[in-house]
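Here the chain labels run A, B and C in written order, and each chain numbers its own residues starting at 1.
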C-alpha cells in the first residue's frame, strides 16, 4: 500500500509478561470504515489503547500520516468504552459533548459561540439534542453511547477510534450510530471500531482486521472476512494452539 | 466581638475547604485528606528540624509539600503493586505518621510541639494572634490567612474550571486531548494540601476532613451540575459552620469545642438532606416506590378485567366477590384498587361484575402496548 | 525484684502486641478483599463518642465499659454507612470520611462536656489517639487472646462461606445462602478487633495493623488460606519487633514502632517477593523486552516459514545460533527455537 494513513509496525504489547498483541503489522488506508474483531482478550481494546498512547508497547511503533500520536492528537478522536467514566458525575449531556472541544480550545479559554453551535449540531446528528440539559446519570446505555459519539464528532478529527460502541446498546441506537459512521466515512474520515458482533461486520463495515494475538487477516471485508479466517481467529491458530498446549 | 472573630475564622475555613472538597469527593480521594491530615506532622517536624523556629513559614511549606508527597507515594504504591487505593492509603500514612511521632518523642521530648493542637486544633485559640496595623489590632491573623486561602482557591477553580472538570470526569480523554492531567492533578493536590495545613492550625484536622467532604457530599445529593455543586457546597459549608458555632455557643454555653460541634453538624445536615431531599431523598424514594407498587397493582387489575371480560365461561374471573381470590390479593388491597378504578371512571359494576368503561378500554389497550 | 517486674511487664506487652498483630493481620485480609481497607480507621475514630458516652453512663473507665461503648458506636457507624450507601450515590470513600470525622468530632464535643468531671482527663484522649501499648495489663491480654480465639473459631467454621462470599457474592447468593449473615459476621469481627486494639495502638495507627500485614502477605501468596496465615504471622512479627525495639531504646513509643515494623515488612515484600516483587518484576520485564526484540522473527517463522527481506540478517544470525535452519527457500525452527517461541508466548521465564 502506498502511503497508508495509519502505519503500525512490529507492535508488541504485554501485560505482566503475557503478550496480548504480538508483532502487529498493519497498514490502514485513509477513509475506511474498519472493524477490529477477535475473541475476548485477543487484544482488540489493547490495540486501540496503544494507538492513543494509553498503553506502552514492548516494541514497535504507530504512525499517523507519518507522525507519532502526540503530534497528530488534534486530528484523532478516541471514544472509550462506556464504563471508563463515572456516570454519576454532576454534569449534563451538553457539557460532556462540549468537552470534546477542549482540545481545540486549549488551556483556560472558554467555549465560544461557534463551539456551542458545533455541540448542538453534533447532538442533533446523534438524536440527543432534546436531552442536552439532562444529567448523565439519567441516560440509558444507548443514550450514553450517543453522547460519547457526539463528543467525538465535535473534535472535528480525521481519524476516529472507537472501543466497542455497540456494546449493550439497543437496535435503534445501533442503526443510528452505524448511519453516522458511514456518513463520516463518506466525508473522507477514517473510522476504526472495535466490534464484537460477527453478524453485522459485512453490513456495517468495508474493511476488517481480525486479531487473535497476531493479525490473522486484514483488508476489505469482501476479500478477508471469510469462513476460514473466522475460524482461525476465533477457534484457534498455530500460535494460540501452541500457547494452549504449553499451559497443560 | 471575640465570638464574631471566631465565627469569621470558622466561616472562611469552611468556605476554603468545601470548594476543593468537591473535587476530592468526585475523584474518590476523600480518604486522602485523612491521610494528609496525619502526615503533615512529618512535614512540620522535618521543616522544624531545618529551621528550628516554630513560627517560621517554612513549616507551612514543609507541611504542604508533605501532603503532596503523601498523595504521590500513595499513587506510586497503587501503580507499582496494583494495590487498591484504600489499602495504599492505609499503609502509607500510618508509616509517615509513625515516623513523625518517633522523631518528636526522641528528639523533641522537651519542645512544645503540642500534638493536641496540631491535630485537634482549637478554634477558640485561633484568634489570639492578631494582625496589627499601626498598633491597632484589626483581626486575627488566622482570619486573614484563611481569607487569602479562600480567595486563592476560588481563583484557582475559576481559572482552571474546565481543566479540573475534564480531568476529574475523564482522565483518559484529558490525556488524549493533550492536557497533561498529571499537572492539574498535582496542582489540585497542592492547593488542597495548603488549605488543609492552614486550616489544621485554625480548627484541627478532624474538622478539616468534615469540612472538605461533608458539604461536598451533601451538595452532590442536591445538584446535577458541577457549577451548582460548588456553589451548594460553599453554602452548605457556611451553614454548617454558622449552625455548629451557635449551637456550641448558645445551648452549650461555650462548654463544648466549637470544631467538634461543627463537625457533628456536618453529619446532621448530610443525613437531613439524605432523608428529606425532594428528588432523591430517602423519604421521597420510599414514597415513589410505594406509589409505583400501587400503580402497578392497578394495572394488573385492569389487565385482568380486560382479558377476562370478553370471554365466555370466564365470568367468575370478574365477579366482584371473587377477583381478589383469583389475584391472590387481600380484600383490603382489592377494595382500594377497585375504588381507585371507580373514581377514575375506569371500572363500572354491573350485576356484581366488574367491567371496563370506554376509558377503561383505552387504558387497557395502552397498558398492553406498553408492556409488550 | 525490679528486674523481674520489668521483665514481666515486657513479656505481657510482648504477648499482647503479638496476639494483637496476629488477629488484626488475619482479619485485615478480609477487609482488604472486600475493598474496605480503611474501615478500621473509620470505625476506630467513630468509636470515640461511644467510649465517652459509656464512661458518662457507667461512671467508670474499665476496659469492658469502654469496649462496650466503642462497639455500640461502631455498629451505629456501620449502620449509617450502609444506609447511606443504599440510598444515595455517594461512594465508599466519602462515606468513610464523613462518618470518621463527624463521629470523632461528636466525641470531642462529649469529651469537652465532661472535661471538668472527676476522672476524665485530656490524657485519656491522648491515649485513645496514640494508644498505650506499654500499659497492657493481664486482663487486656486475656481480652485480646479471647478475641483471637473467637476469630479463629469463626473463620474455621465459616471458612467456605466467607471465602465464597468474598470472591463471588452473587454466586453465593444464588446458591441460596444469605450474604447478609456473612457480612454481619465480618462486620462484628472487625468491630471487635478495632475496639480491642484501640487501647494498645490507638486510633491513628489502627489501619496499619489491619492493612499492612494483609498487603504484605498478598505479595507472597494468592491462595486465601496461606494469605491469612501469613498475614497473621507478619502481624505477630511486627508486634514482636516493635515491642523489643521500643523496650530497648528508651522513650521510643511502642505503637509507632510496631507500625514501622509492619510497614517495613510490606516494603520488603513488595520489593523482593519472588513472584510478584517489584524489583524482580522490573528485571524480568526488562529481560523479556530484550528477548522479544531478539526472537521476534522466530514467531514469523513458526507461522509461515517465509521471511521478508528486511528480516534476512536477523534470521541468518539466529540460524547461526541454532534456533532455526534453512531448507531451500524456507526456514524452520529447531527444537531450541521452538522452546524459545513457546516460552515467549506464554510469558514465562527463559
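Simple rule for what comes next: a contact is a pair of C-beta atoms (placed from the backbone, for glycine too) under 8 Å apart; a residue touches a chain by one contact, two chains touch by 3 or more.
Bear in mind that the values here come from a model prediction, so they are computed numbers and not experimental data.
Should one ask which of A-B and A-C has more C-beta pairs in contact, the pair is A-B. In this assembly, the chain whose C-alpha centre lies farthest from subunit B is A. Inter-chain spacing, taken between the CA centroids of subunit B and subunit C, is 27 Å. In this assembly, the C-alpha centroid of subunit A lies 35 Å from the C-alpha centroid of subunit B.
Separating the CA-averaged centres of subunit A and subunit C is a span of 39 Å. In subunit C, the residues touching two or more other chains are 89. Looking at subunit B, one finds that residues 220 touch two or more other chains.
Contacts with at least two other chains are made by no residue of subunit A. Across the complex, subunit C is touched by residues 25, 28-31, 33-34, 38, 80-81, 83-87, 89-91, 93-95, 97-99, 101-102, 105-106, 109, 115-116, 119-120, 206-207, 209-210, 212-214, 216-217, 220-221, 248, 252, 255-257, 259-264, 266-267, 270-271, 274, 280-282, 285 of subunit B.
Subunit B makes touch with subunit A in their complex at residues 26, 159-160, 162-163, 165-166, 168-170, 172-179, 220, 223-226, 228-229.
By the touch rule above, subunit C contacts subunit B in their complex via residues 32, 35-38, 40-41, 45, 80, 84, 87-91, 93-109, 111-113, 122, 125-126, 129-130, 204-205, 207-208, 210-212, 214-215, 219, 251-253, 255-257, 259-260, 263, 266, 270, 276, 278. By the touch rule above, subunit A contacts subunit B in their complex via residues 52-54, 70, 73-74, 76, 78, 80, 84-86, 89-92, 95-96, 99, 102-103, 105, 107-108, 110, 135. Note for the complex: subunit A touches subunit C at residues 10, 12, 14, 16-19, 22-23, 58-59, 88, 137, 213-214, 238-239, 242-243, 246-247.
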